[in-house]
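What follows is chain A paired twice: with chain B in the first complex and chain C in the second.
Our next item is the complex of A and B:
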């Protein structure tokens, strides 16, 4: 059986299980007396072992086997976590991850796990010695062996999931597991046939021994990817909430799901983009012709393409946990390394964003979390002196707001020392020499200057700016914004706001002279109309006062260099990004429509206020204004 | 430009210059399309155009090569389907660098062609990673020449030598093979 075609799937599934292991280890570390995560760990490692064995990755199998041995002993002894044990298991997990990646890359001979294997065996031997009457070598099987009289046994019929990869391997694994309960006879089709290309995942066998049907089913199911099992003629359906083979903490993404190449979704998105453009043209034609029959068709096409578009966008939506899940481990490791105590919490991990955005979130978040651990959270002793709990808290939260998603990183650490940043900003001439304080907004601008705090002068905030410029650039490129709130002694919060999807957005079309620009509604708070005389000057900037709030104005005509005179009354589009607002003065509002966001090659000198371009209903391109560049 | 082998060249005229580029770098030849201005971009950039759903940044050929503007001013609407059939060879002129039929810059483009109001050539840049539009007054010919027929000559009147990859001759008339990467890449920001 050629397994190379399964390598990708093996990799993806192994990663899921190993990611779950991380989470479980962290859970266990937090509550060492509660052995609940150990069962999950055991199952996850066991599944990886089974898959690796099927793939013929001997080293992964071996390492997993030894980790499983140890976990089994721990599980049976219901032992609490010790720091040594956790460290060892973390190492084993990392070793497994590394071994899996190397194996799939065909570099199995580079795997070097001798040290961790020796440590695992040592720990297992120590544990086995502690347990009275423990068998010298633990069997990985989850149930005790039962030596019963050989009987014809119960008939067990198994059907593997239709979409399961490596069906033959699963079947072999299921049989192997079943053997731990009793003698196996009458395997149909014979085991050799499992290897055949056309093996459809259905097989049956008879099992001796006294195991209860429930136990038999459980053991067979633990092989993974089992659709249903019938024991002794009586079909047993799993309870709907029964954990699947990967029920080790990761939401089971496989049930009724298929993996789709992201390139395909991108292709669909491009096509739907074209369709939306053509739809716009059809609507315009229909409006010109005033023919009810054409109108009808145009309306139907509109409705259908809207639905199709919504479906495709939905298909691209991915829960943020796919990126967030690697952070607990990262924060833990970093905290240990720096001698900090950090409780890390994640909220809203089920919130969904476009895959293309999610893929770009990892790095900025990494920077922000690193900053929080390194520079936000004080050392335990320091915290005690200030009357805080020795354990600091970092919370990563995703919240859906209107058409955007807000992702925040909050710490309860020391906050940023504004006075020091101000002093430094003055010295570098970033702010006015007479400035007395920095607002949050100014502070962020200073911190986000490339390399601002790499100099040693600002010790207590050193490094604060490192990465913030990187994060800021990345977020802005996605059409998002970054905000900061910080309070001395209380902590710092960074909030990034991002559009939910990049591909198609609703936008306001603004007219400026003969030109048209699209402004995504994501950050549009309202539109108002003002006369010239209603403006005031606040801090040297022209502004309007809207419900007691000062909104500085940006004249698009001037900004974009459009010739001609503006009308006497100004339509103003009020943008809102976090706490910042800005009023964009245009000549006219030309309506709202769905636009397909496209990239273009920006020539040198292009004003940095565009996030892309789109094609209007008449086929002409129009540039898309980037709210982040205007507010 | 190697000495061996045959190179296929697309010949086009910009102002008084007869220019050429390797045909394999030419993605497509289109009638002039009305561009959307890009605020802040230098004047040499005409704007972006919609090529069947893809946005392409267009560079104004006469500005890039410092030629006179084609007159009369460019008509705003896309010219009606005038895909460039290789135009008949312009009559040889006395000045080897002067395009056929044009006594000097600023004369009506494509005199007898009538509706041809300029053409946009889509060029691959940077080994095909990018595509840029380049407006020309007219496409003149598609030519196969042996590598030995091209001279690595750079100093020519009326054109920046760093933009010239080689010089060739067609019907007695000199043409320059443009280094389009050198010409166009600096216009794009990184």
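Our next item is the complex of A and C:
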């Protein structure tokens, strides 16, 4: 059997289980006396082991097995978490991740987990020693587990070869091997009968867990001398397996899912994109012909394609916890490394965004969280001196706003020292030498300059000046924006705003000279028309005053270097991103429509105001304006 | 690289025979032990890939030796060599951590099958 086709599935599922392990370990660390997470850890590691064994990834299987051994001992002993044990289990989890990734990549040779393997075995041996010392009887009593719902699982019937010697030994071996796949119940005849010389080699048992019949048969046969094995169907669905990451937003185990390669969804999205384009053309034709029959069809096609589009966008939506779930561990590790005490909270885990955006969120968030732990949160002693709790707080929040999602990283640390940033910005000539203070907006612009860092010392965590600018660049590439709020002594909040989906968006089509440009509605607050005389100059920039607010203007014609004169009255598109606003002056407004966003590799030297391109209904291309670059 | 084996049996005849079967199949017999305590000691020294272990040996029996070895190395691969009529002892050995067993009189093919299962 060619197993390579299952490698992706194995990888995805293993990652899920290992991510769950992280969460469980963190839960356990928070409440060391409560052994509840251990059962979940055991099952997760056990599942990874079973899958890896099926794939033939011996080294993953081996490592998982040893981790499972230790977990089993811990579980049976109902032992509280010690710091050493947690550290070891975290390392084992990381080792497993490393081994899984390398195995799937076909680089099993490079797996290096000798040290953690040795430590796991050492810890297991130590625990086993304690156990046998405490209970000198030869036959171990029933495991001191809380009796959970009994899950009979599959019935397995085995017949050993008639000529096999010592069939009882063979049967015990088969049971022992089967136990590696799941709990064994209802052994018939009872196991003591296997020790009798007259045991005839036929026995049966029920096995719990999620192992496939083929795997059960293979494992039973590996005991040797097996003539015949039948694995029955599941008698009853096992109780829901170890819940995944705890907390709200985890997928309901009872909803039915299939796994689909994201590439498929992308392909489907492209096709629907073309359909939308053709639909646009059809609508234009219908409008030209004024034929009620064509009109009718055009309307139906429009409705159907809209529904199709909504469905496919929905299918691409992924809850943010899929990316957020690795952060609690990360923050914990960072805090430990830096000697900080941090309580980390995640809010809005269930908010959904397009998978393609979610995939890009990890890095920017990583930078922001690193900054928060490293530069934001003070040392416990420092915090006490300032009358704060020794434990700092970092909150990662996702909130849905109209057509965008706002994701914020808030810390209650020292805040950013504006005076210091201002002094440095002046020294480096980034701001005017006479500037007296930095607004939040200016502050961010300074911080986001490549190479700019206020960190006094470069740590392994951050401070190399590649924090904010990396995050900013990535967020902007997604058509999003980054804002900062900071107050000395109170803390800093970074807010990134991102479109919910990248694939199809409603956009305003604006004309400038002979070209059309698309502006996603995500950030369009309103459109107004102004005569030339209505502008004022505020802080050296041309602006309009709209309901008592100053909105600086950007003349697209000038920005794009389009020759010729603009019309006498300017249509102005007011963009709003967080607290910032900006009015984009165009030649004409050509309506709204859905556009299919195509990736765009801007040639070097292009103005940083385009985020992509699209094909209009008439088949002509149009550039998509990047709101983040214009505000 | 061939697998290394430690052969434990109190009978020279049996040790020789097992060693021959394994050597012909390409294994490297790196040591022999004639008691359970020797087996434990040599396992510590030699760290072989595989141990063949007689059940009944003087000084320390094979089953106790299995327990000691597994305590040192939970992943030790131990193949029990038993005689007919030792059903209960074989069961005990497996519970103690032995990975498989063969039954005397030995047929080379069955020994090698069992060895493959253990090392597999």
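Everything that follows uses one rule, which is that the second predicted complex is superposed on the first by the 443 of 631 C-alpha atoms of A that agree within 3 Å, B and C clash if a C-alpha of one lies under 4 Å from a C-alpha of the other, contacts with A are read in each partner's own complex, and residues count from 1 in each chain.
Definition applied: contacts are C-beta pairs under 8 Å (C-beta built on N, C-alpha and C of every residue); 3 or more make two chains touch, one makes a residue touch a chain.
What you see is a predicted model, and the numbers here were worked out from it, not measured in a lab.
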Touching partner for A:124 - first (chain B), second (chain C), both, neither: second
Which of chain B and chain C A:564 touches, first, second, both or neither: neither
First (chain B), second (chain C), both or neither touched by A:620: first
Contacts of A:172 with chain B and chain C, given as first, second, both or neither: second
In the complex, chain A residues that touch chain B: 273-274, 277, 515, 559-562, 598-607, 610, 613, 615, 619-623
Chain A-touching residues of chain B, taken from the complex the two chains share: 34-42, 45, 47-50, 53-57, 130, 132, 186-189
Parts of chain A lying in touch with chain C, wherever the complex brings them together: 62, 65-66, 69, 121, 124-125, 128-129, 165-166, 168-169, 172-173, 176, 194-197, 199, 222-224
Residue ranges of chain C in contact with chain A within the complex: 71-75, 82, 84-88, 90-91, 93-95, 100-101, 103, 113-114, 117, 120
